[in-house]
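Both of the next two complexes hold subunit A, though its partner changes from subunit B to subunit C.
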Partner chain A sequence: MNWNLIFTSIFSAIFIKETIFYVLGAQGLNIHYGYTGLMNFGQAGFMAVGAYGLAVSVETFGWSLWVGILVGIGWAILLALLLGLPALRLRGDYLAIVTIAAAEIIRLVARSESTESVAGGNSGINNFAGAFYDLNPWVNTRRYDFGPFSYSGQDLWIQAVGWGVVLLMALLTFLLMRSPWGRVLRSIRENEDAVRSLGKNVYAYKMQSLVLGGVMGALGGIVLAIGNQSVQPDTFATRTTFICYGALILGGAARVWGPVLGGIIFYVAFRGLDVIIRQMEKADIVPESIMTSTQSGVVRFVFLGGALMLLMVFRPQGILGDRKELAFDG
Partner chain B sequence: MALALALCTAFVLQPGVMSSMVGAQEPTVDEPAVTTGSPTETDGPAITGVLVNRDDDDSPVGGVEIVVSDSAGEEVGTVVSDDDGAYFLELPAEGEYTAQLIVDSLPDGVTLTDEERTSLTFVVRPGQQKPLLFPFGVDTRNSTGSIDRVLPLTIDGIRLGLLLAMTAIGLSLIYGTTRITNFAHGEMVTFGALAAWYFNQIMNIPLLIAGVLAFLLSGLAGAGLEKGLWKPLRQRGSSLFGLMVVSFGLSILAQHLFLYFFGSRTRPYSDYALQPGGVQIGSATIPPKTFAVIIISLVVLGLVGLFLSRARFGKAMRAVADNGPLASASGIDTDRVVLWVWIGGSALAGFGGVLYSTTQQVSFQQGQTLLLLMFAGITLGGLGTAYGAAVGCFVLGLFIQLSTLVVPTSIKNVGAMAVLILVLMFKPEGLFGRRERVG
Partner chain C sequence: MADATGAEPRVVTEADRGGVLPEPGAAKPDPILSATGIERRFGGVVAVDVAHVEFQRHQITALIGPNGAGKTTLFNLLTGFDQPNAGEWRFNGTSLSGVPPHKVARMGMVRTFQLTKSLTKLTVIENMRLGAPDQRGERFFPALVKGLWSSEEDEITARADELLERFKLDHMREEFAGSLSGGQRKLLEMARALMGSPELVMLDEPMAGVNPALTQSLLGHVKALREEGMSVVFVEHDMDVVHDISDWVVVMAEGRVIAEGTPTDIGRNQAVIDAYLGTHHGEDLHPEIVEHRRLEAEAEAEALEQSAEGDSDDDTAERP
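Right after this comes the complex of A and B.
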């Protein structure tokens, strides 16, 4: 067992772009579920349209990266409107079904042969974020070491910007949720009919919440797309949504820092587990007849499923949350 | 939990069943790109795949030479496909490459589907094993006239629709009786298919008997889930959201246990895999098994319908799904009804999975794909109803297959999404649901 490798890869994972990706997704879900009580099970779809909106604009249409980012955000708004228009008027479970289906359909379309000329099919789109790295204050190709952490100049730049976006979104959430608008959202979560009887347009508030959280998810997709210089359809499988939910529930829903804290812990644990299992398999601690190297890559998802179930059953309020506040029936 | 246990015992005797990814026929494992790589035997990037001939029942094409060069045009390697049509070539590093298929090396009578497609340019990520696609044989999917294709597509649509109906009745009734949107229902379909595969291929039991065993085992797994998981959760007063997240956790857990023990490859049953004596209808040859599947599904659905409409207990099931508290107040033992809804629904789902796999082969993720179609179907029919779910799914299956007349096959499921959104916009209670004040 290479403990050094295990520790460095776990600790470096705290700041990497994948963690930012899931934290932003979870922040969006916090607006949806934590504050408004909306059950969006298709956050992966919002993240996908953000990433693909950017990549397709730059690579296929030749627009600048910055226009591409706006296009990605624009697509997320459109998706929220398209799904919210029919589903937000109905009971909560309809939204769950529509969003989970939409996210999966987006992934299937993106990886389909018939859209290959636009979305790149199975292998996605690559190398479109050069403009972002031209602005890098660090040297793109150099490696920088900080004690146990070691990142390339490219990594440092996307991480600085990405965590900046996370902080901005946390600030936005904090300010919005102590405003009158945020109070209406939380009242909708607690008792929709009571809010309606006060003359508030519940449908419009829910729609605004869906759009806002969806845009946060899209920003997550955009950060990862720029960070990897690549978009792949299978990054946006349904389980991505549930890693975000795992992060949100672990950290604590309806708390500004819940998704940030939860995202870091959940993803680092998820990734660390994978490294440990692979190392155990390599070091032949587990016999080959029980686990081959191919199988060792699957184990973490078994744990992901189990962790989601256990977390939801035994500690639905997570680390920071308040159980009473989360007792509403979505 | 019973599900997981049953599978562990079922497949633990079968070491090393995981195989490398097969690129040519089925969508491969959807390993997310953000995490550390897909299943690999070596750590370096590579290309891999299997060459098959569509003209000849997907028989492997061996001895084909593929030359790979890097973006500078420098040749980095050559690989020749083996007798199984498989090829594997390690690449020096990640980056952009071009694969050139040497047409002269093709066996006699084998032609590329697209004569122009002899070279592919692709990008390989670090540690990625990239599947490359070189289809051979005439592409029958879009080439023939549409009139010739209507009839075979209709027959296949009827097959898909009936199977969706069979698998989705449980999903709809579970929703109706317990309000659980059970995202793990698709895994019950896979479970049935896998259980039958185990009985059939490992224990050499004929598929007809293996199918019945899978039906019973799925029912048992359903009972285990209700007794061990859902009932205690309901008694704790879990929120709707909590139940949904738990069902999704269960779905991820079960699906990856299937992947762990069964592997990512699709595998056939030993019986009826390649069936001679097909009937020529329009442009396609339909094997007898398709008709058998349609007849079996019709019989099963007919029996289920008879049970739900005539039998006392069947009526009780519909009553609980329609209005739980009222049913309970009129003396129906709702707990018992819910238990049998889980048993029956799971058994039907598992059996549907067996029938589905006779034509599509067994795959660890087939249930996941079907689940979305089931949701669209039961929403169309009316969430929570039994007959509505069946009719909605039947219509949807037919619609999806026929839609391939105009849309490419790879995105046919998008039609299901469109149906879902339109239904929610204009008739959210579905074709057979009762209108109630929502939102």
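Right after this comes the complex of A and C.
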């Protein structure tokens, strides 16, 4: 087994763009679910409109990358309004149904043949982020090694900006949640009617929460789109939403750093398991009769699922959560 | 008020009633809240069917009635938490039909719930702060800059602490509301509702589950609200409490207002006794059940009479 490769992959995964993608998605869900109690099962849809809003603007309409980023954010706001307008007036489970359906519709429309001229169908849209890498202070094609970390110049640039966005969103979350605005959100999570009886427009707050968290998700999509110089519809499958939820719950919901820590651990574990299993296969440690290579791709999900279940049993509040709070459900 | 004398039933004078007739739907000189033709059906069940009712300003009005009479449903309708199938209701002369509950609250009519709705994962003091209306820091952009709302927050906190002390919850200030007892939650909910300095407070069974020793001081607080110029409507099953603090009593049964009057009027009202007896017109009940209910109702009526006698002096010791 190539231990060096294993270590480098695991450490590098800490800061890699995919981690940023999930961290931002999870921070958005933290606003929705962690603080407001909104069940958004379509975060992948918000991430998709961010990524596609950018890619389509640049590739299909020929706008600049920076306008494309704004378009991606704008689409996320629009999506939140569109879904929230009917669903936030209804009971919580309706939002779950509406969002999960909308996210799937977005993905299926993006990959359908009829929209291929705009969204690129199955193969998506590629090479639209040149303007971003023109500004790279590092050499795009060079490889940089720092101890166990190994990144290309391109990676370094998107990671620097991406983690900047993560910090900014964490700061935004912190500032909002210590304010009376955040107090209203947390109260809505506990009991909507109590908040209504005190004269607060619950619907408007839920809408603001949905928009804010959706925009955070869209930023995740945008970072990954620029980082990969590519958007593909299947990046935004329902699985993505649930990985974000997994990261949020692992790190601790309703904590500013919960989704950040959870996202890092989740993706590092995900990557690490993948590399380890592959290396074991190469070294013929696991015989074909026990696990074929197609099965090995799925095994990491089994491991992660098992780990999440153990977490729920032994530390249901997540790593950063407060157990005391959990005692007061209902 | 005239002194109650011995066994002789006290006479209710015109002055006690403020010139209002003791009958269902009686007009009040200055109603803060009035409702006409309110009907709410749940499937086949008519939960509320109120022809007309008015609540007088600056008074404490008790809303009583057997379980399932429709008191909570009427509260829900009047405060915008539920919409009636028909009817019209006005607060301070403004029609409230279609007005969402948060706007009703902002207009000055705040309610509490029979089943407390504490925000369990917020501390007691945070619960209180939430009750303050129109906070600058509750708007998205000002929320980002602490300097824009911190002084307002300090004022709110000072007011909250004052109320917590009044409601004997100051020692629980930093605890999660979820760790409070049922009675303490009732107190917190009432204190929280008062943060908005409402004109009319609607309390759904505020004393239920509250320690009797505390009930007395709570009653004092409710009376104080009236002295401060607020109007109070409250649902209550304890007749002693009703007698103690209410200026007027509205009785509901099977969705309708069946009687109104001073506490003493109500204690003698045959329709009320029948309602608690469970007389279903045209329906034959087993004689044993009728007898059982009659005894129950008599005891109930007796309690009403007796506490009516103790009305003018605040002595609770002689009550059964």
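In the analysis below, the second predicted complex is superposed on the first by the 310 of 330 C-alpha atoms of A that agree within 3 Å, B and C clash if a C-alpha of one lies under 4 Å from a C-alpha of the other, contacts with A are read in each partner's own complex, and residues count from 1 in each chain.
One rule holds for everything that comes next: contacts are C-beta pairs under 8 Å (C-beta built on N, C-alpha and C of every residue); 3 or more make two chains touch, one makes a residue touch a chain.
Fair warning: this is a prediction, and the values are worked out from it, not measured in the lab.
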In the superposition on subunit A, see if there is space for subunit B and subunit C together, and answer fit or clash.
-> fit
Please name the chain, subunit B or subunit C, that touches the greater number of residues in subunit A.
-> B
Answer with first, second, both or neither: which of subunit B and subunit C does A:I249 touch in the superposed model?
-> first
Could you tell me if A:L308 is touching subunit B, subunit C, both of them or neither one (first, second, both, neither)?
-> first
Could you say whether A:G199 touches subunit B, subunit C, both of them, or neither, answering first, second, both or neither?
-> second
Which superposed partner A:W181 touches (first subunit B, second subunit C, both, neither) | second
Touching A:K324 in the superposition: subunit B (first), subunit C (second), both, neither?
-> second
Where the C-alpha centre of subunit A sits as vertex, the angle toward subunit B and subunit C in the overlay (nearest 10 degrees) = 90
If you stack the two complexes on chain A, which partner ends up touching A:M39: first (subunit B), second (subunit C), both, or neither?
-> first
With both complexes overlaid on chain A, what's the closest CA-to-CA approach of subunit B to subunit C, in Å?
-> 7
In the superposed view, which residues of subunit A touch subunit B and also subunit C?
-> 202, 327-330
Where on subunit B is subunit A touching in the complex?
-> 15-16, 18-20, 27, 30-41, 122-123, 125, 130-131, 175, 179, 181, 183, 233, 236, 238-242, 244-246, 248-257, 259-260, 263, 368, 372, 375-376, 379, 383, 407-408, 410-411, 413-414, 416-417, 420-421, 424-425, 428, 438-439
Over in the complex, which subunit C residues touch subunit A? Could you list them?
-> 79, 81, 100-103, 105-106, 110-113, 117-122, 126, 129-131, 133, 135-140, 143-144, 146, 149, 153, 176-179, 189, 192-193, 195-196
Which of the residues in subunit A come into contact with subunit C in the complex?
-> 172, 175-176, 178-184, 186-187, 189-191, 193-202, 208, 324-325, 327-330
The answer for subunit A against subunit B in the complex is residues 18, 21, 33, 39, 41, 82-83, 85-94, 96-98, 100-102, 104-105, 107-109, 111-115, 122-124, 126, 192, 202-203, 224, 228, 230, 232, 234-240, 242, 245, 249, 271, 274-275, 289-290, 292-295, 297-299, 301-302, 304-309, 312-313, 316, 326-330
